[in-house]
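Got some structures for you, see below.
Next, two complexes with chain A in common: one pairs it with chain B, the other with chain C.
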Partner chain A sequence: MSTAAEQSHTAGGSVLDQVGENIIRHVSNSSLDHPLIQLPNIWGIDLSVSKHVLMLWIVAVLVACSVIIPIRKYLQQDKPQPKGWMNVIEAVVKFIRDSIVKPNIGPKFTDTWAPMILTFFFFILFANGIGLLPIFDILGAFNRFILDIPAAPPGVEDHNFINSLLHGGATVTGNFNVTAALAMITFFAIMVAGSRAHGFINHWKNLAPHGLAWPVYIILIPIEIIGMFVKPFALTMRLAANMTGGHIAILAILSFMAIFAEMFHSTMAGMGVALFSVPLAAAISGLEIIVVLVQTYVFTLLSAVFIGMAINVHH
Partner chain B sequence: MKSDQNNSWSNSFRYMQKILRESGPAAAASYSLIGAILLLGGLGYFLDKYLNTRPWLLLVGLFLGLAVGFYELIKVVFGSPKK
Partner chain C sequence: MENLHLFGVGIGLGLIVIGAGIGIGRLAASAAEGIARQPEASDKITAAVNLPLFLLEGVAILGEVFALLIVLMK
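Then we have the complex of A and B:
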């Protein structure tokens, strides 16, 4: 995909031809042909570090530094009294536990599942939030004007770390593989929750309501089994699509400038559109902040609801 | 004045918590409805592509998705709420 974009660059195609590719390149993972760190295949799985993998690590380190370590330190104190940052963490933890986990999962299993839901919350919040920061685009501008490391010509192996960092988006949760992995955790958590609350066999029996005529079960059991897979699928799609969609909207609105400048063959047209598209992009960025919070919240809420459904079976 | 303000803040926060608590199952059902149609419709679409049976599996998938989605919805709407 990136080679196609480079070719259109060198061929000097119209801006309209490049805009779509550039937008997709900015929200998708970096090209698999040029990973940041080349690692060998093991059991047919490419272990190379692409940009989203790097961002996953950054998110993990950030969560560890700003949530896990402060909490550990706080708990080691003799008389724990929350101060400053700990106050914020405590408020968030209390909110998640009391208004997401407890009402949906029930008081009996709150302490069992609250840690997992909280982990989801902090990880997704940080991953979504980092996607909003244009760190790498600033790095690109820095490189363009100050460091001046040239991009490798097309067809040549690109081992330049800074240039390969510029390909691909920074929003980890905009990648369907990441959200699918998160949803898979929910998928198994639902089974574990049901099995722990009712026993393994009873959990599967609980899937369909009891005491119906047998022909109903012929329809109901497949539907329930499909529904089992639909729940994590809905989680996967919703989070990734929401995170990608906002970025695409911002990029598309910003690229109006280039498109208009080319269409009217004047820089002034581009600058005139900038008066419209820059404030709009800024406004959408503001909206994105809300989307980041809401999507994080919805993912944790739905996970809690699904786990609660397996525990509190009421047919 | 200050305590009054604090009170209204905590009140609105508590009210938000209440609404969120009640909206959870509804959100789950609505997302499952969309998710079921997307998942099964998409599955049908790709199976169609592989088996060259266009458009039948897509249609079957869409209707099955509707059935599953509405079943999830019905379970939430008519399920006995714990009170």
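Then we have the complex of A and C:
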């Protein structure tokens, strides 16, 4: 075993060394030094298009084409009567409004905040869902076997557009920066909601309950301030970690094939493990579909709950 | 000795799973019991169970992220 490992080390690292790196490359953004499209810095912000930025655009276009444009068209009709795809959208919108927004935010502010919660819902749903489709891997197979463009050897930067897309099928919401941006919107929405319902000063007074003995406030006020920042932080981590975790699990189980094939120095061992790992990976992909729906629901629900907490102060 | 942090991460992940498992198990058990006693209140019980369930899950996920950070950053 040790001699084999040494041999394969001289041949560019053993499979075990490559597996972890490969998985991380799959779920993380493409490196900042070699983005897909190089764009100049403007005001110190790197505007280059990386893998996740491209996916973000694809998601935006898809949401626009399948949700925004049909609704605009529908509303322009003289006598709006939903049919086909509009029925689906209407059912989803009604569900979000009646069972997420209304019970948590209250009937008075439902119409104010339902659009934002719905935007969250559709964006996260599409972003999570697209992450499950291995479109880039199919593109990679096309590139490799039909166009005959080989992958660059490890350590060399790839300049082929599709090759640098590879290790993709990227979930945008698996990137902490994207979910942090979404949670920031919730963070400010909480403040705006509280200020609109109670006035700016009263919103901050409402953070801690009134009428307690003063020593309690010494503990309570820092806790409430920390809690204010923990809410969006937990939202960020929950969504990103859930979306990344499932992908890592699928890839790790599929990598067993390569690992076992190397451990026993035979292709048959890898094929034998495939009998076990491919169905398991398929089953986890099925579980991922549930996770996608649940995490979308959770993010929108928790956003609604936090906004509702600022509006309906209990104490 | 330089790989000792992996040991800690393994134990930590196990503790996270135990904690989250106990939490989710207790929630689900109580919810099932409540629904069995009062089937007509099942909607309210489900709604009440959902939020703590997700908060609990969030804490477990946070723990896992920090475990991953220990591995990646040593």
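We adopt the following convention: the second predicted complex is superposed on the first by the 291 of 315 C-alpha atoms of A that agree within 3 Å, B and C clash if a C-alpha of one lies under 4 Å from a C-alpha of the other, contacts with A are read in each partner's own complex, and residues count from 1 in each chain.
Following the convention adopted for this analysis, a residue touches a chain if its C-beta (ideal position, glycine included) is under 8 Å from a C-beta of that chain, and two chains touch if they have at least 3 such contacts.
Since the structure is predicted, the reported quantities are computational estimates derived from the model, not experimental observations.
Overlap between chain B and chain C is detected when the two structures are superposed via chain A.
Within the superposed three-chain model, A:199 lies out of touch with both chain B and chain C [touch as defined at top]. In the superposition on chain A, contact of A:279 is made with neither chain B nor chain C. In the superposed pair of complexes, A:242 makes contact with chain C only, with no contact to chain B. Touch criterion not met for A:115: it reaches neither chain B nor chain C. In the superposed three-chain model, the partner touching more residues of chain A is B, compared with the other of chain B and chain C. Contact with neither chain B nor chain C is seen for A:82 once the two complexes are overlaid on the shared chain. Residues 103, 234-235, 237-238, 298, 301-302, 305 of chain A touch chain B in one complex and chain C in the other. By the touch criterion stated above, chain C contacts chain A in their complex at residues 47, 50-51, 54-55, 57-59, 61-62, 64-65.
Every residue of chain B that touches chain A in the complex is listed here, in rising order: 17, 20-21, 24-25, 27-28, 31-32, 34-36, 38-40, 64, 67-69, 71-72, 79-80, 82.
By the touch rule above, chain A contacts chain B in their complex via residues 95, 98-100, 103-104, 223, 226-227, 229-231, 233-235, 237-238, 298, 301-302, 304-306, 309, 312, 314-315.
Residue ranges on chain A touching chain C, taken from their complex, read 103, 234-235, 237-238, 241-242, 245, 298, 301-302, 305.
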